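Both complexes shown next keep chain A, but they swap its partner, so chain B is in the first and chain C is in the second.
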Partner chain A sequence: MDQQTTGPAQSEIVDRARAYVRENFLYMRPDWTLGDEDPLLGSGVIDSIGVIELVEFLQGAFRLAIAEEEITEQNLGTLAAIGRFVHQKCHANGSGGSVRPRQVA
Partner chain B sequence: MTPGPLTDSGPGRLRPFQREDLPEVVALRRQAFRYSERKRTERLVAYLERIFYDHPWADPELPALVYEDERGRVAGFLGVIPRPLLFQGAPIRAAVATQLMVAPESRGLVGRRLFRAFLAGPQDLSLSDTANDAARLLWASLGGSVSVTHSLTWTRALRPYRHYASRASSGGPARRLAWLAARPLLSVADVCAARIGGPFRQQMPPGATEHLDPAVMAATLPRLVGPRALRPLYEDGSLGWLLEQAADKRQFGELRQRLVRGPRGEVAGWFLYYCDGGGVGQVLQVAAARSGQALVLRHLFYDAWREGLAAVAGRVEPALAAELGAQRCRFERTGPWMLIHSQRTEIMHAIVCGAAFVSRLEGEWWLSF
Partner chain C sequence: MCGLAGVARARPQGVSAQLLERMAAAIRHRGPDGFGLHADDRIGLAHVRLSVIDVAGGAQPMANEDGDVRVVYNGEIYNYLELRHELQLRGHVFRTRSDTEVLVHGYEQWGEGLLERLNGQFAFALHDRRTASLFLARDRFGILPLFYAERGGDLYFASEIKALFASGAVEQALDPEGLDEVFTFWAARPPRTPFRGIRALEPGTWARWRDGALSVRRYYTLDLATAEAEPADAVERLDELLRSGVRLRMRADVPVGGYLSGGLDSSIACALAAQGSPYHLRTFSVTFDDPPLDESAFQQAVATQLGSRHAVQRIGGGAIARVFPDVVRHAETPLLRTAPAPLYLLSRLTREQGIKVVLTGEGSDEVFLGYDLFKETLVRLFCLRQPDSRWRPRLFDRLYGYLPPQARKGDFWRRFFLNAGSPDDPLFSHLPRFRLTTRIRDFYADRFRAGLGAFDALGELRQSLPPGFMGWSPLGRAAYLEIVTLLSPYLLAAQGDRMAMAHGVEARVPFLDHRLVEFALRLPDRSRLRGLREKAILRRWAEGTLPPAITRRPKQPYRAPDVPAFFAGTEPEYVAELLDAASLQRTGIFNPEAVTGLVRRCRAGLATGVGENQALVAILSTELWHREFLGAPARERAPASSGELGAGASIAA
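What follows is the complex of A and B.
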């Protein structure tokens, strides 16, 4: 599939989410190992305010709207879950397909 | 984002708080908060039981909430206190959120789930008035609002030299020592300020004050704040209990509750404040009809000065703001936030625009965990 028309690849979403989490929540802990399936919530990586910031990042970076009922551990609990969730959203509504996502600040 | 009907998803589950949860909730509170007025566990257990179960406004539809993790442990809590209010003459249900706490290993979405479940409840108005920045951000992300005016505080210096020197002394031990050494001189300067003309001159205002009785409060409030769209319902007999709980709070000293009568003996209003005998008195409530605001505030300041306070402070109530300014109060945005949420825009409008009488006695400020 053409990434320019169908949205970012799942691996790209995971990489960008990882970079965001590292830069914003783990900048004081550079040695923290952050695997795709490592829990982000309840592990001291992201707290309740961090969730708000993460949702804002995902909405802005991938040009999608996340509904309140979608803010769950199943969708945001790990980098892999974020990758699956965002990838599915982008492909479901095509919102992330027509424009290349913004760079992480 | 506005919370819709509760469709909570795991892991773990949210459920109503039960008496059997009390020991676990107290243990969680010890983890989450450093400060407590009740050092002994059994006293804190008894207090939580009194506040969340044995209050006069029991409403099974508005329970406090707990989060039970996957192992069945209580790992999150949000206290809820129902409060009956009157809006445009009709009873409405308010729910006060307090004591949001989550175990460290459950942080992330649990606080959000608790707030979301709370805001999706059947109450007409949700509020919380001792919220920190984290709670404010969480609340706002769920569609709630901040009443910025109610999040301001006012301070009236009564012994200005002592008060401002005390504020300046908070910079370290050396400053503190200098302040202690200078106290006798500052006291002399304050005596002079109270006697000579100017904003700090203290004179007995016209009229008189006497002990404030809850029955008088309940009977008089409708007349004093009658034109306002939203007010508490004190006529249900709950005020005596509420004032007993408020008097139980010791963080800011003893609760003083005084009724103010004008020169002809008519009730002008009242004030309730905490007095620690020398520092800054914290006002719980000032009630007055518009025509009596100046007199009630003057009596408050005079009473607090007589009690030896250096200053008196309170939360800004929009309807009182003009008179507070006229009486040389200083406004600041330093304390906790007042958070509000309602699906009924006219209720939100009434609070934000000053058409509501919602004092610290209507929120969670009077609580003393």
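What follows is the complex of A and C.
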């Protein structure tokens, strides 16, 4: 298993989040191209339950805790925002990504 | 209550008894107590009877003295004794004690003006030989169904669509626009149905057919304009109307029971029934093994207070999935929730216990502003007045207390409501729901979507709104939309009449006594929704009559398990069969790849949101519906001999 010492790169976070969103929220729209800056909310990609699923995925996959007040459009509104937010959290507390994250079904 | 069917010919070529028998046999469940038909060269009328009033003398079709006016009728005219007296004073001679005969003489006396005098739930077809015409009518709110199809100048009509198909003359094909309305509003909006060429007679309208031409007219319109102030005697007037509405609905020659949900409305109906019943009142409830859905403690509290003989239909694992194909067959439409299934089982229990008439609490939530949707409308307006407020949107967290906490969390949950639409949009109140429901469209097959073209279900609804709609209060507009898009075409139909009549049980709806509806809709909004306290005036009235646990209990919506009903235990075989990619491809409505993704999430226990639950039930029920109604011509499958109609058959040709 790969070991990382500095946490996942922002691009890796974005790619994994994209794969998760595609598999769980866009499975009914396979032709939908999901760009890094495309809105995930309001466009019907993710609803409020979906946001909770996404938060649970990010918490499990990148070993971090997300507080309710952090569940905002600024942090989770696009794939790029997720990349920035998760990357910053992983590096801020030093706990994220020290072990290859587990796979979430 | 009963079932009716028939044919009106453009040319005098006759109607065969076999044709009428086939149509009647398809709806025999609505009237297991008797059967009758009448046919001449132009008109055929068939009737299956559930005997409730004048058990011995009420056989149909029923004619006047000289046979000029003849009717088949499904329903109850609760003020029939008063109308009968009035007609007798005008010289009409009655031969039976039945409410049916009031229609015959009332039509002779007043023509279509009869309808305004009726207090009841009804659908009927009346042949007027004097004018060689057929007159069809349906009650004000659509408690009872009536469908028709025009074919080659002939008119086919029936209480249920399966009887039209059994004629062998009515095409069995889907209507994409009707289906798209189901996937927007939960039901097609009358006169549209999910079937091509089949129309529902709209609630509050009548139709006259003559010489191959049909004209439809409205005789009842909803008025949601409210008074400025609550009348000083409002609670006394409410008391009179509630008591009168229930008293009239206790008129029957058989015992009348009650459905008890555990909420305020059915408890009121049952409490007043217990006071007026000459029998020991029987009450019936659905209980769920799933605790968040279960209301048995409240049901039991009311039953104990009323001293009723109470019976429960327990809904455990697998119960819904086992009957769901039958539920869809009776509903005759795709469904977005499994909620009708427990009521299907409840009517079976009720009938097995020897009760064929029950009171229910339907209609109260619409006219007394009981649903969360009304509070949601107020909170959205409140928030939009100060869009930058951070605390106002937190009110949304209080609204849906029955949802799991993780489902109502964070900024996004609140934004779902706030970004749903502008208060200037006539559909403002319902846009969050419509937006959520129409996510089912994401699963459409490309060809089906293309077939819809530019069809716009919401646009058509906006166009259909009555003059003066925007002059009503936001809650008045919301109540109107709730009545026309959900109460009439779904709650009273797929979840109401069709589930009760599947087992020959008549559901009577005291809160839809039109006098009570008109009184309630006229009350100021704040008399009904005070702050975020729903049905305020009804609670005031009920204090002292019902246990405080009921009168002070917040509204709990009736819900049944959706995805878990099919995936939590042993998956029924039909699920895999119908949701198989090849089967979906043949049906052509949904994209197999998309449905496969949904099924994968259902099986993994990941499909927990409302959107995916609705989508799964919608897709599965659509495939069941397609297999049942569009898979093979009904004529090949329907019982074809009069022997199928069983005991009590009589033919008056």
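Rule of thumb we're sticking to: the second predicted complex is superposed on the first by the 100 of 105 C-alpha atoms of A that agree within 3 Å, B and C clash if a C-alpha of one lies under 4 Å from a C-alpha of the other, contacts with A are read in each partner's own complex, and residues count from 1 in each chain.
Rule of thumb we're sticking to: contacts are C-beta pairs under 8 Å (C-beta built on N, C-alpha and C of every residue); 3 or more make two chains touch, one makes a residue touch a chain.
Just so it is clear, the model here is predicted, and its values are computed rather than measured.
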| item | value |
| --- | --- |
| Superposition on chain A - do chain B and chain C clash or fit | clash |
| Which superposed partner A:Cys90 touches (first chain B, second chain C, both, neither) | neither |
| Touching partner for A:Glu68 - first (chain B), second (chain C), both, neither | both |
| Partner chain in contact with A:Ile52 - chain B first, chain C second, else both or neither | both |
| Contacts of A:Gly44 with chain B and chain C, given as first, second, both or neither | both |
| First (chain B), second (chain C), both or neither touched by A:Met28 | second |
| Chain C region in steric overlap with chain B, selected from 26-34, 152-160, 206-214 or 620-628 | 26-34 |
| Residues of chain A contacting chain B in one complex and chain C in the other | 41-42, 44, 46-52, 68, 71-73, 76 |
| Complex contacts: residues of chain A adjacent to chain B | 40-42, 44, 46-52, 55, 67-69, 71-74, 76-77 |
| Residue ranges of chain C touching chain A (in the complex, touch as defined) | 406-413, 415-416, 419, 435-436, 439, 442-443, 591, 593-598, 600-601, 604, 606, 608-611 |
| Chain A to chain C touching residues, read off their complex | 23-24, 27-30, 41-42, 44, 46-53, 68, 71-73, 76, 105 |
| Of all residues in chain B, those that touch chain A in their complex | 1-4, 7, 9-11, 102, 104-112, 116, 134, 137-138, 141-142 |
